[in-house]
Amino acid sequence: MDYQKILDEIYDEIQPELKRGKVADYIPALAEVEKGQFAMSLTLEDGSVYSVGESKKRFSIQSISKVYTFVLALDIYSKKLYRRVGIEPSGNPFNSLVQLEYENGIPRNPFINAGAIAITDALISHYEDEYKTLEVIMNFIREISNNKELSFDQRVAHSEMEHGDRNLALARLMKSFGNFENDVQGTVMTYFKHCAITMNTEELSRSMLFLAFGGKDPISKREFIDRSKAKRINAVMLTCGHYDASGEFAFFVGLPAKSGVGGGIAAIVPGEMSIAVWSPALNKYGNSHAGTLALEKFTTKTGLSIF
Amino acid sequence: MDYQKILDEIYDEIQPELKRGKVADYIPALAEVEKGQFAMSLTLEDGSVYSVGESKKRFSIQSISKVYTFVLALDIYSKKLYRRVGIEPSGNPFNSLVQLEYENGIPRNPFINAGAIAITDALISHYEDEYKTLEVIMNFIREISNNKELSFDQRVAHSEMEHGDRNLALARLMKSFGNFENDVQGTVMTYFKHCAITMNTEELSRSMLFLAFGGKDPISKREFIDRSKAKRINAVMLTCGHYDASGEFAFFVGLPAKSGVGGGIAAIVPGEMSIAVWSPALNKYGNSHAGTLALEKFTTKTGLSIF
Amino acid sequence: MDYQKILDEIYDEIQPELKRGKVADYIPALAEVEKGQFAMSLTLEDGSVYSVGESKKRFSIQSISKVYTFVLALDIYSKKLYRRVGIEPSGNPFNSLVQLEYENGIPRNPFINAGAIAITDALISHYEDEYKTLEVIMNFIREISNNKELSFDQRVAHSEMEHGDRNLALARLMKSFGNFENDVQGTVMTYFKHCAITMNTEELSRSMLFLAFGGKDPISKREFIDRSKAKRINAVMLTCGHYDASGEFAFFVGLPAKSGVGGGIAAIVPGEMSIAVWSPALNKYGNSHAGTLALEKFTTKTGLSIF
Amino acid sequence: MDYQKILDEIYDEIQPELKRGKVADYIPALAEVEKGQFAMSLTLEDGSVYSVGESKKRFSIQSISKVYTFVLALDIYSKKLYRRVGIEPSGNPFNSLVQLEYENGIPRNPFINAGAIAITDALISHYEDEYKTLEVIMNFIREISNNKELSFDQRVAHSEMEHGDRNLALARLMKSFGNFENDVQGTVMTYFKHCAITMNTEELSRSMLFLAFGGKDPISKREFIDRSKAKRINAVMLTCGHYDASGEFAFFVGLPAKSGVGGGIAAIVPGEMSIAVWSPALNKYGNSHAGTLALEKFTTKTGLSIF
């Protein structure tokens, strides 16, 4: 298939959509990103990369980082992780306290905020230190991406913390139910730091390639997680990767994927490729408006789908 | 792959699980089914069938019938259907009124009770008559199964109606929001009738084959729904097919599937086969306990998965 | 105190408020009532009556009728009634299904719709017949009012039934939890009939006098309910009489009272008098806008309050 | 009336109930209180006091302190206070986050935890300092009680803080909605301190006397709050004073009152007296089991009631 031609077509077709939706504005560092931007990249098994748009421009990956921490925690804790975090779609907004209260402090899945904070807490318990944990997360991302330059944006992380009351409330509520082990402020700060990782679509797509190939990077041949766990992570991306629009995404796009409020989406086609798209304006569910449409166009044009 | 051997292994391994769980007991006709039973069947592209256990014994397919009505309604209404029924996992039990009230009478998806009743209502509006609608549904099932003998159990349907207050409440609530078009009692009765269809695992597996092949039956070569819609139906089975355990099923089994309280589960492996399993004792989510485990064993042994 | 002067003052002061708010419009018979109307009446221990405005014009008392049915049911069932209906404020809108589902079909109190329907159902169980029950209710109202002419409006009752899906859903939901004993349609129809009783403020105020005097009408000297139960009914009027604005009403007015969507409010001053006010335009909680303000003015001017 | 005789009767009758219920056990300082204890005191207009049981033994007044802070805040802010805290019964447990989330961070009333924390926050904003605020609260209690010895238990306050995650979550959630003005930890600590005030029933009953007489202490003749506000505070005690059992308390006891998890209840009979009762074992709603029954007996025996 001529992937470059397909990406170019999508680029043209998506232009009228780039101004629709709204950039995340709950912190200044995200609010100031210009909305008309777009980038899309694919990475294939053999390492070949196809891109269109501003694919060298880094953005805040935000919730996409929850995939990496879930991979790390599932590798460490295996089945024990389910005692702390479920694997069901929530049917509620990503930062809701309601369900967390009804379900006694056990977050529904690792991709809603409470779940990702619990995962960060579990990692800190394992590595016994916030800074060590952050270093492990950063090193992991650098390894799966084969890119030593990746980092996070301190300004974004601190800005998140200044507006972090809702997430602190989630952490406190989990603590009140006994589902929290470390310092609340420090853990939430670590969570905000990994959410503040910046990547461009080429880097993001490269970083997810191992999940498209059963946990083993087809280029470096390194296995980062076993096949069975890789498939399960993909399953959670499909059922829970787009907050309360996960069903719609599965319906219209049909690929495991994870979005972030920075406007990025990472998707994988099992056995074929990984894909990253970025466009900062969000739809009402908090997912990239043009990014979602671009992925729908991509699966329609290529016929790629897991179904 | 030696599917018969795999089924035989599963049959042996599943024996200790057959007595666990609880048969649906909200109506006498279901409560009297003996719990130790088990059957599993596969149908491949070329029509070859592999079975184990009581694969000739019919059971009440119940909610699995919601797949057929969703296929029919999506074919008729296409995008207009989403005005009446969503496609998101609910995060709530299958018969909850709470979410339906909060979301103004629009059911979350076609596989929770309210959604399936709304779908039946939409079909009755199209065919302008309850009996005509039921006939269309029955004929459709006979065609996709290539089996003219399929029918439903009047006793089960009437017994459901006698205990149908919760479903009548769901229908009334939708009506109060303007999301109901036909007679409440008659529509819910039609819904109960299609839920009361009886099939054995061979028949059930055969009936789902077209969904494993993009909407086109690979044996008869008839196209029952277009490729894009078939994939979308599979997506909804994956995200919503097991009520509030859909995430867990995707995680552990990794296939689009639909369960029923009669103890049946129908699953599909896109491009490969359709599978049906039956064991009447249910887990706490209302899905077949042994059936779910058998499917997990099947995907573990074969490596088949969409992820 | 010169009650006539106080009523006249209120009448003047309330004029600018009469056009604010919105007449109930869910059924045509209520929607066509003109909004600028106002009436207020007091009945004292000795039978003297003070009125202002259109105090001879009858209106639909709607939920105020729930006080009468609660009196009858509490008299018959005493403590056994609490098995079917609670006595707590709901914290939710009057026709919510959410709480009813969470609390297993036991309505929070006798003044939300579900509770009043359960009370009507309990009365029908006692009198063994819908028509007998309605007759008992009507006769009771005629006796406490010493007025044989009181009746209900058939047109309003049937119009309610045509738009009665929400209430039918509440009844069905209670039935699904085993908290319903008679025919759903017939019981809800009986409920709509007693809600359709019409009275003017003089009649309404007269009918509540026994509750201001410990259950015994100070004029006829007849005891309609014992002192302890009368006080308890007043307590429920105070805590639950104005749906989800009951706290506000207690705070600003400070009297036990019950409102209806027809724009009427009946209030009592224990040991002193009963009061009725009517003005059809409602505030956002479904209580008479000007009626509530008029009662607040009355307690401010007279210093009457239970607190 | 021979109040001493009535108290003595209640004392005898209540003995079999003293062992029922469960002492609050979420912090050690409360858990270690022995359950068989009981005390009850009345203070009349002329300052005469009647007591029975351990009426000189101090206990932790806990949520009863919310009455004092509500009095102070209503006096300072008047109507502006309603922007921050409502006056409706909640229909939910006292520490629920659900309703607070649905209602955008505005607590339902000043007597649920979130509401009382918001009130403490409002007082700190006014007095510009946590310690100043605490001093004002303590001085107020000493003045209304005419007792300079009253203090709070540092150990209880710090123990609350150690187990204070739920309350910190409530504060954080309010902050995320913009309904919180001061430091979260410091404000919640101040809240815990005033909850840790200790009084015996004689002192507690004395402290509430001004609320039974329109805001003016009938002994010292000092007016602590105006008549209209005093009545409104009593109204909120009636509708919201016993968490999600406020309706039941109004129904069976019929007096404005406020309970605390330390086992105390303060009640007032407008124009007559104030009452305090203490027995540490709680019913399922978190209110003193024997204390509630003792007050029900008292109103039954005396016929005192506001209804």
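Things worth noting here:
Chains: A, B, C and D, in written order; residue numbering restarts at 1 for each.
Going forward, a contact is a pair of C-beta atoms (placed from the backbone, for glycine too) under 8 Å apart; a residue touches a chain by one contact, two chains touch by 3 or more.
What you see is a predicted model; the values in this text were computed from it and never measured.
Hopping across touching chains, the smallest step count from subunit B to subunit D is 2. Using mean Cα coordinates as chain centres, the one most removed from subunit C is A. Seen as a C-alpha superposition, subunit A sits on subunit B after a turn of 180°, to the nearest 5.
Just to note, of C-D and B-C, the chains joined by more C-beta pairs in contact are C-D.
Centroids of subunit C and subunit D (each the mean of its C-alpha atoms) stand 32 Å apart. Subunit B and subunit C have centres, each the mean of its CA atoms, that are 48 Å apart. Along subunit D, no residue makes contact with two or more other chains. Within the complex formed with subunit B, the subunit C residues making contact are 96-98, 101-102, 165-166, 168-170, 172-173, 175-176, 180.
Touching subunit D in their complex are the following residues of subunit C: 86-92, 99, 108-109, 228, 230-232, 234-236, 238-240, 244-248, 250-252, 254, 256, 270, 300, 305-307.
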